[in-house]
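I have a structure I would like to understand better, so I am pasting it below and will then ask my questions one at a time.
Chain IDs A, B, C and D follow the sequence of writing; residue 1 opens each chain.
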Amino acid sequence: MADSCKYKRRLAWLLLFVALALLPLGVNNYVQFVINTMLVYCLAALGFNIVIGYLGQLAFANAAFFGIGAYAAGLAMARLDLAFPLALAVSAIAGGLAGGLVGMPALRVRGYYLAIVTLAFGELMRWFYVHADGITYGAGGFSPPPPTWFGAPLNETGKYYVFLAVLALGVAATQHLLKSRIGRAFVAIRNNEPAAASLGIAVARSKVVAFAWSGLIVGLAGGLYALLNGRISPDTFGLAQMLMHFAIVMIGGLGSLLGSILGAVLLTGAPELLRNFPGLEEIVFSLLLMVVLFFMPRGLGGLIADRIPAVRERLYRE
Amino acid sequence: MLQVENMTVRFAGLSAVSDLSFQVSPGEIFTMMGPNGAGKTTAFNAITGFVRPASGTVSYKGVSLLGRSPDQIAGMGIRRTFQNNGILREMTVLENVLTGLELAIPHTFWRTVAGLPGARRAERRAVAQAREMLARMGIADLAERNAGDLSFGQQRLVEISRALVAGAELIMLDEPAVGLSPSDRHHLAGVLRGLAESGIAVVLVEHVQDLVMAVSDRILVLNYGKCLAEGAPDAVRNNQAVLEAYLGHE
Amino acid sequence: MKRSTLSGLLAAVAIAAMPLAGQAADTTGVTADTIRIGMFGPLTGPTAIGSLPLLGATAIYRHVNETGGINGRKLEVLVEDDACDPNKTIAATKKLMSQDKVFMIHGGWCSGTVMAIKPELQRHPEFPYMVLGAASTAISTPVQANIFHPVATTATVARSMVDFALSKPGAKRIAIISHSDEWGKSHIEPALAELKARGLEPVETAYLERGSTDATSQLLRLRAAKPDAVLAILYPPELTIYLRDANKYGIKAPTVTTQGVSLEDMVKRVGNPAATRELYVFYPLSRTLDDAGFKKWKDIYTAAHPKDPVETLSFMGMTGALAVVEALKRAGPDLTREKFMAELDKLRDFDPGIQSGPLTFTPQDHAGIKLGKMIYMKDGKPTIVSAYPAGG
Amino acid sequence: MLAQLIVSGIAVGCVYALIALGMTILFRSTTVVNFCHGEFFMLGAFAVLVPLQTLGWSYGWCLVFSLGLLFAVGMAVERGLMRPLQSAPHISLAMMTVALSYLFKGISRFFYGREVVALPPLMAGDPVFFGEVVLLPQDMLIMGLVLLVVVAFFVFFQKTEIGKVVEAASQTPRGAFLSGINVPLLRNLMWGVGAAMGALAGILIAPNTLVYPDMGGHMLVRGFAAMTLGGFGSLPGAVVGGIVLGVFENLAGGYLSSALVDITAYLVIIIVLLIRPQGLLGWRRDRG
């Protein structure tokens, strides 16, 4: 890698970092809330992409992991009175366990069957939230105590920095994972499972690891969601949430980190822009999806990677 | 090195391979020949753990391979290629070869996730090793190309370099010459001879007569899963049974 | 028809927002000649029926603007659609509060969405919020200084339903069929409390999920319990199924239901008069729609929204709007949020003749309406009744 | 009580069977899990409601119009949107059906956004008693219609010449294509039939669920459960799966707790797929 290219890349990261750090100064509370929502969905899309993009498994368990993370964090704060960083840790662990749990049966079931069984798992979790009101406060949902940072309540700007930090950590960790033998194993399994096995990749174990890591990241995103809204209710984690994640990943680009982030930003921002045209959101949403499916099969991430080779994501570290 | 005794593989009653025995020693090129459906690939899959033999034993350096999963067998230094689509199409050539090093990179999950220097160094070493392998096979310039876009010949070379990069001692090639141009075939013959000379045991499944005759140390002819004849190339070529079954009556 | 509603609504906003230019709005949403009011409700989505109360409220504000405004100021109404999705509601309120900088918010049809913004309102105790139509008791209990609840709460409705059911001579065996969501729970709990106070227990409690198409198993359990009266805490689609199946399986007990449905609409949907003969609906208004005393409000409504249906729900938002207007008038020309809320806290037995009972806000109790009556079809004509009619 | 539960379970199960049948036909023609089948369901109901109320047509004509319209919509969707994606991975096809579902919901919400309208049942009338069991005429109509459709399908696929051709086209498209069968046309027709089946199911259940843009979603999961229970891609499986699911739901609601009615479908999917993925009648295909 020529020095100038490395220098340019470093500069780009630095500029981006400074811009993001100063951003809260120029926006009001509402726009800040929308940006915080974007950060949450970036993390969720990133986690989802690991299973559906890199590993290539048609698993629709994302809304379930998102819900498990949100409930884990919310209940940790409401029931166990944990501080929000600990609650986020709990949501990540819960998500990871759920991911591993879903990963096991995913070995036996493939393709459409996996899609439907994971959708059913999501709806089952939603039913559990409604009917286990002893633990989960039931159908109405609940509001965990507002997060505090050394006593002072965390306002939107405070949340922004927390979310940004968590997202950065998530992206970095996932980046390290994907640019290693583990990430290559995921993509190899997607490409050709027998060939992967013949190269020494323990296919079953890698799949469960992929699901667990995806669960962990999406669970963490669920935890952030609990902080973002301060309100957790069962209906949020139903089929609609799942289809939203699916659309973000498809528009962003399967198997593309950058794509997941772009997809999340676009699909969280669009409804806000359509605020004064109620009812149009769905139609715009579907036309956007169709355009991507016809003209950009590899989504935004794929499009950019084709145009600018330097941005292409490699599965190794130079 | 590789010991196969009375191996039988059955698919729903039909025995694709019956009572097959052979052995391969280091530095030797051993070729299995036979018409389509003779059971060549089934024998391959049985040895590399994709299919479970009904009876007989398969051992490598004295250790039995029965019951081991394909990735465990690969871990013991046995690498194979596939008949048509063994290549990882949507990955680059370099990434393909790096996947061959899967077991050679020491790693722990959490150290990799944290991106600790130890893990990074191991990865960098692997990349260097892979680039060096590509150079040795003469396809270093294809490193960044998507493996799926290459020609058959180039894909073969990538598969072979992927198999060798982790230092395999036994390499099994399933019809590598299919679809290659004569010059590619010639180049392939040279590569195979090079492997044998460096002490690697090569098991070949192949039709293409000129390659088989030019390269093989010993040949085994399979017909309907049974061993028809085994021996040096010339002996096999004039063997009556082979002529009848394989080439039809002269 | 829908397209017209949207344009009607946006037109109402446009008329109210004439002096938009003006100088930068005061941080509290009040300028020399305008008071900016933010509203939200389900204009789209499965519960879009909840946009009717919103139309009712905007009709009142439009009428006020046309008759000279308040202390020389016109009302500027900004409407946001939340489709009863808590996440959209949170985004909408943040937009109204920090981007549009409204003086106050008047909105919310689904209880879940109002509960979702309660934490946000707790963080801004100085910001006044008037509930539009959401009825859950948990909104205004425990009391929060800046949340005013001008609608009969689920507790009031549940108590009235139980009292009405028990007013049937010899009625002891009460059964309940309800949704298992927040709305359902916030009716069941006060109903159980009221029954327990009377030393009674429900003979059967069955759950019917939103969107189900068949209630056979629930009906058979209810029939086996031989109830004297059934409390049906269901939204219109599921209540239709219940009424039709109850008639099919021969459950003769009267059905008492909440203000979430309107009687005329239910009779139309079920289509079989025999099935809706013993249907008693909690009625949030003081008079039936065709009553002479109601003409004034109907004119205001149709003036603002000529092409929209006139139903019970259309008037549910009006009481809250009138309370806001009254408090704004009393707060006088140099209007501040503190003064406005103080005036609201002083509102005693405010009765413009729309809602079922007088509206009273005290600093300790912001659940303004305590009374409610029932309405049922008496030989084809909706009739208000407070106890179980003898004829029955 | 048991008899009543089973009989009305069958009645509801018949509708699930009709939905699953429609989805199976679409699955067999373009192996796609159709997320917008619920919307065919909803469009079918609206396509009867609108002419019935605004144009005053007779119920019969509205029915014919609705089925015909959905037949055309099904074919148009296949021709215009699914065929160009034929070579794309399955995930893109699934995504297209999701996009379609949003589109249909968005459009219908634009015209019928607010109120929920009742569709009069095809056969009105008061309940009919069979000893202790009671049924509405509409329930009997549903059962009769589903029986009719099932017999029609059985005869079509087993007995007629074209039926075998369609069967071949869906089992091994490439093989059929090579032997001169116009697979694209058949695939197009099957989409039309599948969509019309969805519409029919929508019209039959509309009197209960009432007609509103989101009525389809709830039924979609039931359709998946019925298909999975009966065996993915198997036509008789879809019918058996639907009816068994309907009875399961009622029995669970009646005897265990009415809260269980809602998740019976999900439990069925998970248990069946993990234990016996080919379902009751499906054949041992590669699992997806």
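Rule of thumb we're sticking to: contacts are C-beta pairs under 8 Å (C-beta built on N, C-alpha and C of every residue); 3 or more make two chains touch, one makes a residue touch a chain.
Model, not experiment: these values are computed from the prediction.
Shared contact partners of chain A and chain B are absent; no chain touches both.
Relative to the whole-protein C-alpha centroid, the nearest chain centroid is that of A.
Across the two interfaces under comparison, A-C and C-D, the one joined by more C-beta contacts turns out to be C-D. Taking the mean of the C-alpha atoms as each chain's centre, chain B and chain C sit 75 Å apart. Averaging Cα coordinates per chain places chain C and chain D 37 Å apart. Chain centres here are Cα averages; for chain B and chain D they lie 50 Å apart. Within chain C, the positions touching two or more other chains are listed as 43-44, 180. Residues of chain D in contact with two or more other chains: 109-110, 113, 217, 259, 262. The set of chain A residues touching two or more other chains comprises 131, 279.
Applying the touch definition to all chain combinations yields A-B, A-C, A-D, C-D. Residues 27, 31, 33, 35, 81, 84-85, 88, 90-92, 94-96, 98-103, 105-107, 109-110, 113, 217, 221, 224-225, 228, 232, 259, 262-263, 265-267, 269-270, 273-274, 277, 286-288 of chain D touch chain A in their complex. On the side of chain B, the complex with chain A involves touching residues 48, 50, 69-71, 74-75, 79-80, 82, 85-92, 94-95, 98-103, 105, 107, 109, 112-115, 119-120, 123-124, 126-127, 162, 166. Put simply, chain A touches chain C in their complex at residues 28-31, 33-34, 37, 130-131, 133, 138-141, 143, 146, 153, 156, 229-231, 233, 235-236, 271-272, 275, 278-279. Looking at the complex, you find that chain D touches chain C at residues 1, 4-5, 8-9, 11-12, 15, 109-116, 118, 120, 124, 126-127, 134, 136, 205, 208-210, 212-215, 217-219, 249-254, 257-259, 261-262. Across the interface of their complex, chain B is touched by residues 172-173, 175-177, 179-182, 184-185, 187-188, 190-192, 194-203, 209, 314-318 of chain A.
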